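For reference, chains read A, B, C, D, E, F, G and H in written order, and residue numbers begin at 1 within each chain.
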Amino acid sequence: MNAKVMILMGSDSDWEVMSEAKRALDDMGVACEVHVSSAHRTPERTGRLAREAAGRGIQVIICGAGAAAALAGVVAAETELPVLGVPLAATELRGLDALLATLQMPAGVPVGTLAVGKAGARNAGLLATRILGCADPAIAAKVREQRERMARDVEAKDAALQAKLGAAEK
Amino acid sequence: MNAKVMILMGSDSDWEVMSEAKRALDDMGVACEVHVSSAHRTPERTGRLAREAAGRGIQVIICGAGAAAALAGVVAAETELPVLGVPLAATELRGLDALLATLQMPAGVPVGTLAVGKAGARNAGLLATRILGCADPAIAAKVREQRERMARDVEAKDAALQAKLGAAEK
Amino acid sequence: MNAKVMILMGSDSDWEVMSEAKRALDDMGVACEVHVSSAHRTPERTGRLAREAAGRGIQVIICGAGAAAALAGVVAAETELPVLGVPLAATELRGLDALLATLQMPAGVPVGTLAVGKAGARNAGLLATRILGCADPAIAAKVREQRERMARDVEAKDAALQAKLGAAEK
Amino acid sequence: MNAKVMILMGSDSDWEVMSEAKRALDDMGVACEVHVSSAHRTPERTGRLAREAAGRGIQVIICGAGAAAALAGVVAAETELPVLGVPLAATELRGLDALLATLQMPAGVPVGTLAVGKAGARNAGLLATRILGCADPAIAAKVREQRERMARDVEAKDAALQAKLGAAEK
Amino acid sequence: MNAKVMILMGSDSDWEVMSEAKRALDDMGVACEVHVSSAHRTPERTGRLAREAAGRGIQVIICGAGAAAALAGVVAAETELPVLGVPLAATELRGLDALLATLQMPAGVPVGTLAVGKAGARNAGLLATRILGCADPAIAAKVREQRERMARDVEAKDAALQAKLGAAEK
Amino acid sequence: MNAKVMILMGSDSDWEVMSEAKRALDDMGVACEVHVSSAHRTPERTGRLAREAAGRGIQVIICGAGAAAALAGVVAAETELPVLGVPLAATELRGLDALLATLQMPAGVPVGTLAVGKAGARNAGLLATRILGCADPAIAAKVREQRERMARDVEAKDAALQAKLGAAEK
Amino acid sequence: MNAKVMILMGSDSDWEVMSEAKRALDDMGVACEVHVSSAHRTPERTGRLAREAAGRGIQVIICGAGAAAALAGVVAAETELPVLGVPLAATELRGLDALLATLQMPAGVPVGTLAVGKAGARNAGLLATRILGCADPAIAAKVREQRERMARDVEAKDAALQAKLGAAEK
Amino acid sequence: MNAKVMILMGSDSDWEVMSEAKRALDDMGVACEVHVSSAHRTPERTGRLAREAAGRGIQVIICGAGAAAALAGVVAAETELPVLGVPLAATELRGLDALLATLQMPAGVPVGTLAVGKAGARNAGLLATRILGCADPAIAAKVREQRERMARDVEAKDAALQAKLGAAEK
């Protein structure tokens, strides 16, 4: 199965968080590839990965980076594919730096930014799946199932809480 | 031509900024529809628009809202389509409120967030186009053209600056 | 005893903090019910809980949520009851996101927001009690007692400090 | 008609914003009284107004203040009534100071805080009305009407936008 | 020896930090008294302590408080003595709330604010000493000694570092 | 009459704000001197002014500065007098930079910081007066009068508002 | 005279601010060249300018950019020359975004960042001059002169203020 | 070998972070000296170190400080050498205070600021090396090697990740 999503991250220390994106894609049955490549430490490699992605069949690129997180913007500058950015909390400023550096792109070069950290990484995988679902009804159906599963989870947790509170009152 | 993108905004006073999203889509030849609908003032109508969008052929939803900007998240909760959020600077806090309220979605319900204000609105249009381009080579070609046009623009502005600086030195 | 206050929270992991609201209500002798329901993961259920609350005799709704905390606003949009919001520190941004997402409601749909975290949860319970006290002199009397108890507590702590400091000087 | 809501503000320069609270109450047919009284400049007078409010038939107190906005907290410390706070943008920090000074009350003394500025002032009036509606079905009915009016307003604005966009396309 | 400085704090849990102010005063040979009294939980007691301080011979008041830290401002409103405020990091917002609530006093009621936390508590003691030194040459001499001691400390630490670095190079 | 307070500011463009400090001192009958001297542009001159102040009879030093506002801290490092700092909003960051640069002094070198801008400048003058009042009953009496005048002002403004509202109701 | 400093900026609208850098260099007699080139709109051109700079005799590169300001970091990634970054206030967030995006570079790729806006642009020119002065005594002498001129300016402004205040007292 | 870089820090507790600057210089074969000297605790010593540096052959000064970090600015005010500042996270505000106090220098006295904490300390060492490389081709060659080494490191980490992911799939 060919990868349709490419996950890039600036450092291998980002993998603990960014693996959530892969896990979300795995759950939805979407193949992805993962690379460590930095906007600042390996600019040439990053540019090449961005430029060659569409030709290799990649349809969405997910970029996770912390600090002065330039990765998503730099990749968006070199591809016509949709690029999603995940800001990581890698410094004393707890991700506020990465958030603004990923989000505040100038007009003309779009990056769709997700929340800081693990929630954002997971949602990047899910948003990539929704994007692929635009053209693939089987994937769209899986998105609907994921939403229903999530709703049932909340209901199960509520039931457990009611049980606990009921027991406490006796 | 059927609309493939739906633009929602919480108030008609958001139109001055959000029309940039429509302009970007118009420039790329992508048809869209636009609605005023609020997460807080018309929750039922907003939910219905979100739930019915996929059935009407919409493939991407763009939501612009200011203040406690719940619109994009609420819409993402009711559709399997990709949802893009544009935070608007509508309060004394200059959009920091809308930015965090749009971006920091919990795991499970993704919103791709763009920059605050006009740059973000324009980029939401361009990212929607890139998403449509995943499945439509003609649209992908237009994205490539837009990127080349943008690069030529920068070069033209540099040439104008060199001319001005050269003239000033004589 | 029928519940007069409904406590909603977006996730069962919020219970550690939100149980402070229930504890405050228990201390004041006010019955409440508690539900896990998310604005984003179970929008339909959340809307139904909000719309049906007044009919079931609920008089105040307390909503606790973190991240892009849309819960209180979405509930306020679906009820005529007073809604109180407690922002929770659930992300790297330590509750600043939830604070702004809960507080900065647009004109027309009010949410009374409390402090981030446990102090806010406890105060939500106390504010609900004050609201019920508007129409119930017995409850108002309990609010007066709670304030006096609190003042005596501070005085007792001061006395303990004076004793400690006095002992240290000898 | 006796006033059921008291609006306090720290300075008469706050009236331009705080009159929105009165306007909302007037619209809902709820009588209110208004006073200028400062936590810092007239502490004795502020304490007296707070302590005597319940005895005069006041049921909700709304406090608007900017800068180190202590007013709502100081009033909540001296009454058993529900107190609502409106942070005002009166300094270079655009209301962030007043927001945190109003919102972050310690456990035991609750203040329900609304958004910074005019939206918050209007919502304070509407939340006071919802609180009064807990015990007065006629007021609760007015809250339902206000919500319906607001929804119809949004729909009318959407219709106007569709007309404008339709005209532009011809 | 009569106390010339009064230290107030909103909660006995603030003592770990505020004891630094007492320690600084002890080091400088200035007598102080310490009380737990809250602007919100014991407003009457706080007002009385503030109003009676000058009559008892107090010359400077130091107030430490966290969250919506109204203590210093409320005290300054009730005395003609100089009041110093120490913001404490007591909430998820790490003292930013207390900082703004203490510092941003409206014109007319001054509070001299120190840094958040222990450094601020110690400096409040030292600033109180400087204030007393205006009228007491013996105290002013102690301030000069404290400054010289501090400078010698830095020099001693530099010498230790040079020794460590020199040893490492061999 | 010899100056007892010295006002320093980093740039003559700060005078519009810092003249509020002089006006407050003038109102209270306290003589002051004013100098432009920068921590960064004229370090030697600033150090000399700080070191010589006590010898010339100065008892309190007020420093106003914007941006990376080092002035108050640098002056406090070179004198045993109490130093008050006024952060000015001189950059795009609206005084947040000057606020933190003035306030967050390390333990050992105290600066009493006032609010950003004009309110802070006026309060610096008033706090200097309170400090002088510790040793001079005539000045302390003036502080009491200033507080009473301020309270009467608020009452007069309230009366004017009542008149306006009463007229509007007829 | 060959350019020793290259000034890059992301957009020609940045020229109003960035011309301060050129003016500072002109004042110090240091030749520079200026280009419009964007990290996001013209990545290839930006990379080429960065890589070729050292070979053309450039010794310092100054980059000014707003929003998600990636320019300085991307240039530093492609050259061994010292790179200075000037964050510009180009969005609703007033330069806080550009500040963090420029400053918070990961270890390995250094950017020396200056203040937001015109002060930062001017200082970038002056810091470039100081860097060139390391190896060129004539330039170092000019830096000393600039510092003395600046000090004399402050003294002249102080004299003017004394004259104005003296005249006002008569 | 004579030191060409001087590292200053405000406190010996800063050494754990600032030793990263020395390590970077050691790695590049550049000799440095290190001193503890505070802008606020030892102003005279700091001024002397700054003024004498150029005469002793120092070419770049690196200053690390936390809180109201005045050190870099005060040093830049007393030398014609390039000064680099490293903000340290020494308070509850996690370095935001030091960041703004170091970065926001007024026009005329430049400081090149690096990221908060260890990344910034390391990059200060690397930027000093780039500055020395302007006039010394052997050092410039080392900068090129450092960049290549860093790129190879990223590639090695990517290879390790691919191996791990490949193994996991079997």
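Keep in mind that, in the parts below, a contact is a pair of C-beta atoms (placed from the backbone, for glycine too) under 8 Å apart; a residue touches a chain by one contact, two chains touch by 3 or more.
Computed from a predicted structure; not experimentally measured.
S.K.: Go through the assembly and pull out the chains touching chain B as well as chain H.
M.R.: A, G
S.K.: What chain lies farthest away from chain F once each centre is taken as the mean of the Cα atoms?
M.R.: Farthest chain from chain F, going by C-alpha centroids: A.
S.K.: So which chain is the furthest away from chain E, centre to centre on CA atoms?
M.R.: When every chain centre is compared against chain E, the largest gap points to B.
S.K.: For A-B, which listed pair, F-H, A-G or E-F, repeats its interface with over half of the contact pairs the same?
M.R.: Copy of the A-B interface among the listed pairs: E-F.
S.K.: Taking the mean of the CA coordinates per chain, how far is chain A from chain C in Å?
M.R.: The mean C-alpha positions of chain A and chain C differ by 34 Å.
S.K.: Taking each chain's centre as its mean C-alpha position, how far apart are chain B and chain C in Å?
M.R.: Whole-Å distance between the two chain centres: 36.
S.K.: Could you give the separation in Å between the centres of chain B and chain E, each centre being the mean of its C-alpha atoms?
M.R.: Taking the mean C-alpha position of each chain, the two centres sit 51 Å apart.
S.K.: Could you give the separation in Å between the centres of chain D and chain G, each centre being the mean of its C-alpha atoms?
M.R.: 47
S.K.: Please list all residues of chain B that touch 2 or more other chains.
M.R.: Residues 11, 38, 41, 67-68, 91, 93-94, 96, 103-106, 108-109, 115-116, 119, 150 of chain B touch two or more partner chains.
S.K.: Could you list each pair of chains that touch one another?
M.R.: So the chains that touch one another pair up as A-B, A-C, A-G, A-H, B-C, B-D, B-G, C-D, C-E, D-E, D-F, E-F, E-H, F-G, F-H, G-H.
S.K.: Can you tell me which positions in chain B touch chain C when the two form their complex?
M.R.: 10-11, 38-41, 43, 47, 66-70, 73-74, 76-78, 90-91, 93, 96-98, 100-106, 108-109
S.K.: Applying the document's contact rule, which stretches of chain A touch chain C when the two form their complex?
M.R.: Answer in residue numbers: 89, 94-96, 115-117, 119, 150-151, 153-155, 157-158, 160-162, 165.
S.K.: In the complex of these two chains, what residues of chain E are touching chain C?
M.R.: 11-12, 15, 34-38, 41-42, 44-45, 67-68, 91-94
S.K.: Considering only the defined contacts, which chain E positions touch chain F in the complex?
M.R.: Listed in rising order, the residues are 20, 54, 59-60, 80-84, 99, 103-116, 118-119, 122-124, 126-127, 130-135, 140, 143-144, 146-147, 150.
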